[in-house]
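Every chain is named by a letter (A, B, C, D, E and F) in the order it is written, and numbering of its residues begins at 1.
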Amino acid sequence: MDLITIIFYFFAVLIVASAAVVVFSKNIMYSAFALLFTFFGVAAIYVLLNADFLALTQIMIYIGGILVLIIFGVMLTTRITGVDIKSGLMGKMQIGITGAALAILTITMGVMYSNVKWFTRDSEPLKDTISPIGRMLLTDYLLAFEAASVLLLIAIIGAAMIARRKKNIN
Amino acid sequence: MSETKRIEFEYSQIDSERMRLNVGPQHPSTHGVLRLEVELDGEIVTEVVPHIGYLHRCFEKHCEKMTYPQVIPYIDRMDYISAMNNEWPYVMGIEKLMGIEIPEKVEYIRLIFAELNRIANHQIAIATFGLDAGAFTPFLYLFRDREFILSIFEKASGGRLLYNYFWVGGLAADVHKEFKQDVLAIVKQVRETNKEIADLLLYNKIFIERVANVGILPADVAINYGCSGPVVRGSGLAFDLRKDAPYSFYDRFDFDVITGHGEVGTVGDCFDRNIVRFHEMEQSCRIIEQAIEQMPMEGDVREKLPKKIRPPKGEIYTKAENPKGELGFYIVSNGTDKPERIKSRGTSFVNLSVLPEISKGYLFADLIMILGSIDIVLGEVDR
Amino acid sequence: MKKYLNNIWLGIYTVLIGMKITFVHLFAKNVTVQYPNKHPLDKAGGDKMPMNARNRIFNDMELCNGCNGCARACPVNCITVETLKVVPGDAPPLKNGEKRGLWVTNYTIDFAKCCFCGLCIDPCPTEAIKMTTEFEYSQYDRGNLLYKFSKMTDEQIKQKKELLANFTAEKAKKEAEAKKAAEQAKAAEAPKPETGDGK
Amino acid sequence: MLAQEIYEKLKAEFGDAIIEFKQEPFFDPFVQVAPEKLFDISLYLRDTPELDFDYLSLLGGMDYKENLGVVYHLYSIKLKHSFILKVTVSKDNPVVPSVERIWRSADWHEREAYDMFGIRFEGHHNLIRILCPYDWEGFPLRKDYVQPDEYHGMKVPY
Amino acid sequence: MEHQILTFYDWVAKLSSSELVALILIVTLPLVFLIVYALVAILGELKISAFIQERLGPMRTGPWGIIQPVAEVVKLLQKEDITPDAANKPLFNMAPFLMFTAAYAGFAVIPFSSHFVPAGINLGLFYIFAMGSLAVIGLVMGGWASNNKYSLLGALRSVAQIVSYEIPAAIVILSIVVLASSMNLQVINANQGGWFWNWYVFGGPGSIWKLLVIPFTFGMFLLYLIASLAETNRTPFDIPEGESEIVAGYHTEYSGMKFAMFFFAEYANMFVVAALLSILFFGGWNSPFGDFMNGPIWGVFWFISKSFFFVFVQIWLRWTLPRLRVDQLMGVSWKVMTPVAFLCFFAVGLWAMLK
Amino acid sequence: MGIGLTHYLILSVILFGLGMFAIITRKNAIMVLMGLELVLNSANINFIAFAKYGGMNIEGHVAAIFVIILAAAEAAVALAIVLNIYQNYKHVNVDEIDRMKE
């Protein structure tokens, strides 16, 4: 077992365990904070996959942005001053059925993945990821990049529009 | 940037949870054991309910069991920041009841000490107000100067905080020989420090932003609530008992009544209340300088009085301009050596009652500043 | 726009002014003293304490005549005085030469209660009670703050009590005899009985 | 304006409601009024321009052994004169109309008078104890008050 | 990096002929430095505040009180570790360690000298920035799990504050990246070699025309200084823990070791931002005077003294200024700093294009 | 056994399954959102894994960046909508929200 393997398994277990907490925890605040470890583990997986820029983006946007938003959302939509926050579940029957179906799906996919002979070709290890990404964003993917930036702008404005406090009209 | 107006309530459809917050009785900036029950909508204060009485010491009940001179140490402990000023109206009242004439020297010493104590009180008021805003260093500079003033008091009376110095018919002890030079040196020091404080704290942009347009108290509301002292003068009303109903020798001196005039914001905001205190220190310095010039150094400081002080049957209400406002004592004498009833008009008690009125609709941080700008002492609120 | 820029400028400028002031103070002489090292009572260093500072009360038992004036003047009742009448001839005079009328068997000041108002000093006829500049009296036990000034031991008190009892008994006897004599002499008029105790 | 003149003015306006005017040596001159009319008199004192008592310095309860009383010290900031009103009520049913709506400073003072003397102020919006604990029993400043031995299991005289 | 230099790591590896030793050394050295630094900074805070206020500060522990920080740490370690009964215990216990991890993680890429950087990754600047955003979660976690209203208010305030101040800080950092055309902190440092006028606060290396860009770079320095104060929750931006309002904010309920962790994290953060200031604007480990006292060993000296100067500035500001209100804080960030930062960004970008 | 593509893919599918489970079974809208983030993350792992092992190289990274951007935009808008729902319904249970306008 080399170092990479140990690190991979460590983070894989971290991801799966914390994702399980996210999904199965009754306390929605626990879910939100467990998401932190999922995101962090995923960032570590990115580093293992030589995507350092993406790993840092993951930390910055997912943890510094989205997770904070989610925590705020949780706090604003529940009684925040108490520490026990429950989130409702569907009926037991439905949970069983969906759980079983998804478990079967996951296992099938897993088995399928491990049996499929993927066409793998190791790409040459990159010394610097940021400049190729930048170059690519501004050449091949320029349109998508611009569209994404417009989308972000619209999302900011739209979110502010939807969530802002309305004056009481009556 | 400074348009921090009173935020109008927009009772939005977001039923954002109202948070009830207990500020105090143990909180760094309630200036004692005051408990405020605050209802917050986010950070906006929607309701303030002061709960007082944590420091209640049954002052008025005690007075009924005490002889007249024994009451004075209890009075010291009302507004313990300006104990000299506290003693004065009480002593004046009994002297008026008994018809005692006070030697001129005593009156001058009392006046000088009262004004020095006014400076000391305002120093604490400004210092703690700065501390509420998070500025720690000016706090210590002002406390340093206050210690110099207290040293003078100590040389005269022996106490640094609670003096028991103004006695019926005179003073507890004579002042020391170098009294005049010492006082003048302190006046000089106070002026120097005040310059620094103005630059370091009062006219600092951040501080101005914190206090301007916050906690606006209109003059008519202030009068209706019975506010006095810098609180009402900050609202632009020149109500000063030293000018309006001159007692002692205040009519002999030339000084101005400082009023707030909305220097950086609206008239009657926290800045005005605070800056009134600041400029009053300068006026006190002027009074002290004039008094030092006129004061005789020779003479006795105590009238010959019977061993037991027995004012005739009667009632009197004496008031004086305390640093915090009008302090009055309603003394009812029944002819014995113990008072029938002493009712005190606690300045802070009255001033504090205005807090719920002026703090609604501001942010929680502003509530702390408003409380600081009223300058209360819980010893006087709870008595 | 002008206001906006002015605000920014004022913000930076006043902050710099404040920083200048604190920087100057950084090198200024500090005003605090190292308290136990530089003791205020120590004339050499620190702020000298004025001689009339009101701190621990000291009662000179050689001067005290047990008149109870200080206890009556005290607003918080922290002084306890118990006395015994002296037997004529037994009592040495006070330090200032006055006649001693009472033995002070117990003179206790509770400094946990004392409010240092100084009212007890004034009524003292012999200037026995004084306020000193001594101000340190931390104790682990509140009982230690009861300062007993009377030096009389229990034995002495007992002795004095006996003396007094004998004396009063003798006196009463004499009085009774006198009374008897008087009664015998004038059956109609009886002299008023004198009260024995006094403070 | 002197107290005498104010008294005459009040007497002309309210007649019998003004019970007594006392001006003696060692006494600040005061007017004793009937408690029923107190609110109207106070309103008149505040709103008449030549009286203009806009400032209530002090409101204090009193115990006159056989009955209770309330003393109002008024002051006019503009005209710089002061005046004293007194009412007395019986100890059995000490009810005084509240002047809180006229001078807001009466709010806490009245609560204090209620706290200490048990004088009930009719029309006060929140007449609860202010200095003593909310569940304290008895009214401490009455002359016949007996100190309780215990409060919630704590010895009172420590 | 183009120019291969023998690093401290290589040197140790060669000396001990073991990569592991070098690895362990390189991981523990910043921790050792952090501990020493924290002690020095705590003493500095105590002493500087004392001198500013004309006091003496701690004088009892050791000569001139220099053992005071050690004593304080020992005291904190001895203290009872109280967990409030109503708190959410797992999160309550986790928060301080998360905070400390986030603060310490920043040390991984700080170049102490031209030859010593724990991890000389290409995205150093970006990395420090990303780690800064990790601390936010620690704050919210601690504030929320304490089940104290003051803590919750403090946590919410601090999140709003840190998130808003990341924007001007990010723009300033991007401007520096534009100037240096690299995110590697070592490259940014190396670019500022030579005399002190080559520092980025003076527009970086360039001809006399760079006088035009100096106002903007200096403005960027001020902006980053202010933003860094806000990100480390120091006065005048200490509203998340403003003790006169919300007692102690998010760490009201903490005591003992966990409080020490928060405390440590704050000081570590202070150093990280001070180091970034000195790297981005003041040449990092470069000597200000050309080749005079330059080199890998002197580099450590220059870097640490520059960083300590900015730590001193933070302390100095703390004991000078009052604290802003929460809405003014946001106003300063969004209405003043963000537009000015954009202005500087455009100016610098234009300059970099023309250069 | 070294770590290969398959490991990453299996990790991603587990994450996907957990995310889907949350999306389907949870009532709370924010929980649904969190599930969605898990699913997006699993997709991202796939992208990066293929970028390394499938020879897609940097293009996989770019695709992942777009996913992250979309996730950010989606989170902002979705949370705004959730807040709005909370205003109207005083709860955020997705299966009880059956009217568009009140």
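Just so it is clear, a contact is a pair of C-beta atoms (placed from the backbone, for glycine too) under 8 Å apart; a residue touches a chain by one contact, two chains touch by 3 or more.
Predicted, not measured: the structure shown is a model, and the values here were computed from it.
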Among all chains, whose Cα centre is located farthest from the one for chain F? C
A-F versus B-C: which interface comes out with more C-beta contact pairs? A-F
Chain centres from averaged Cα atoms put chain E and chain F apart, in whole Å, by 33
For chain B paired with chain D, centre-to-centre distance based on mean C-alpha positions, whole Å: 25
Determine the centre-to-centre distance between chain C and chain F, using the mean Cα coordinates as centres, and give it in whole Å. 80
Distance between chain centroids, defined by C-alpha means - chain C, chain E (Å): 60
Shared interface positions of chain F, touching two or more other chains: 83, 86
Chain A residues counted as touching two or more neighbouring chains: 53, 57, 65, 72, 76, 80-81, 129
Find every residue in chain B that makes contact with two or more other chains and list them. 1, 12-14, 19, 137, 141, 144, 200-201, 204, 206
Contacts from chain B onto chain D in the complex sit at residues 52-53, 56, 58, 60-61, 97, 221, 223-227, 237, 239, 244-245, 311-317, 319, 326, 328, 330, 332-333, 341, 343, 345, 349-350, 353, 357, 382-383
Chain B residues touching chain C - in the complex, by the definition given at the top: 1-2, 66, 69-74, 76, 137, 141, 144, 151, 154-155, 157-159, 162, 164, 172-173, 176, 196, 199-201, 203-206, 307
Taking the complex as given, what residues does chain B use to touch chain E? 1, 4, 19, 21, 27-29, 43, 130-137, 140-141, 144, 200-201, 204, 206-207, 209-210, 363-366, 368
Contacts from chain F onto chain A in the complex sit at residues 1-11, 13-22, 24-28, 30-31, 33-35, 37-38, 41, 44-45, 48-49, 51-59, 61-62, 64-66, 68-77, 79-84, 86, 91-93, 95
Chain C residues within the chain E interface of the complex: 4, 8, 12, 15, 18-19, 21-23, 25-32, 34
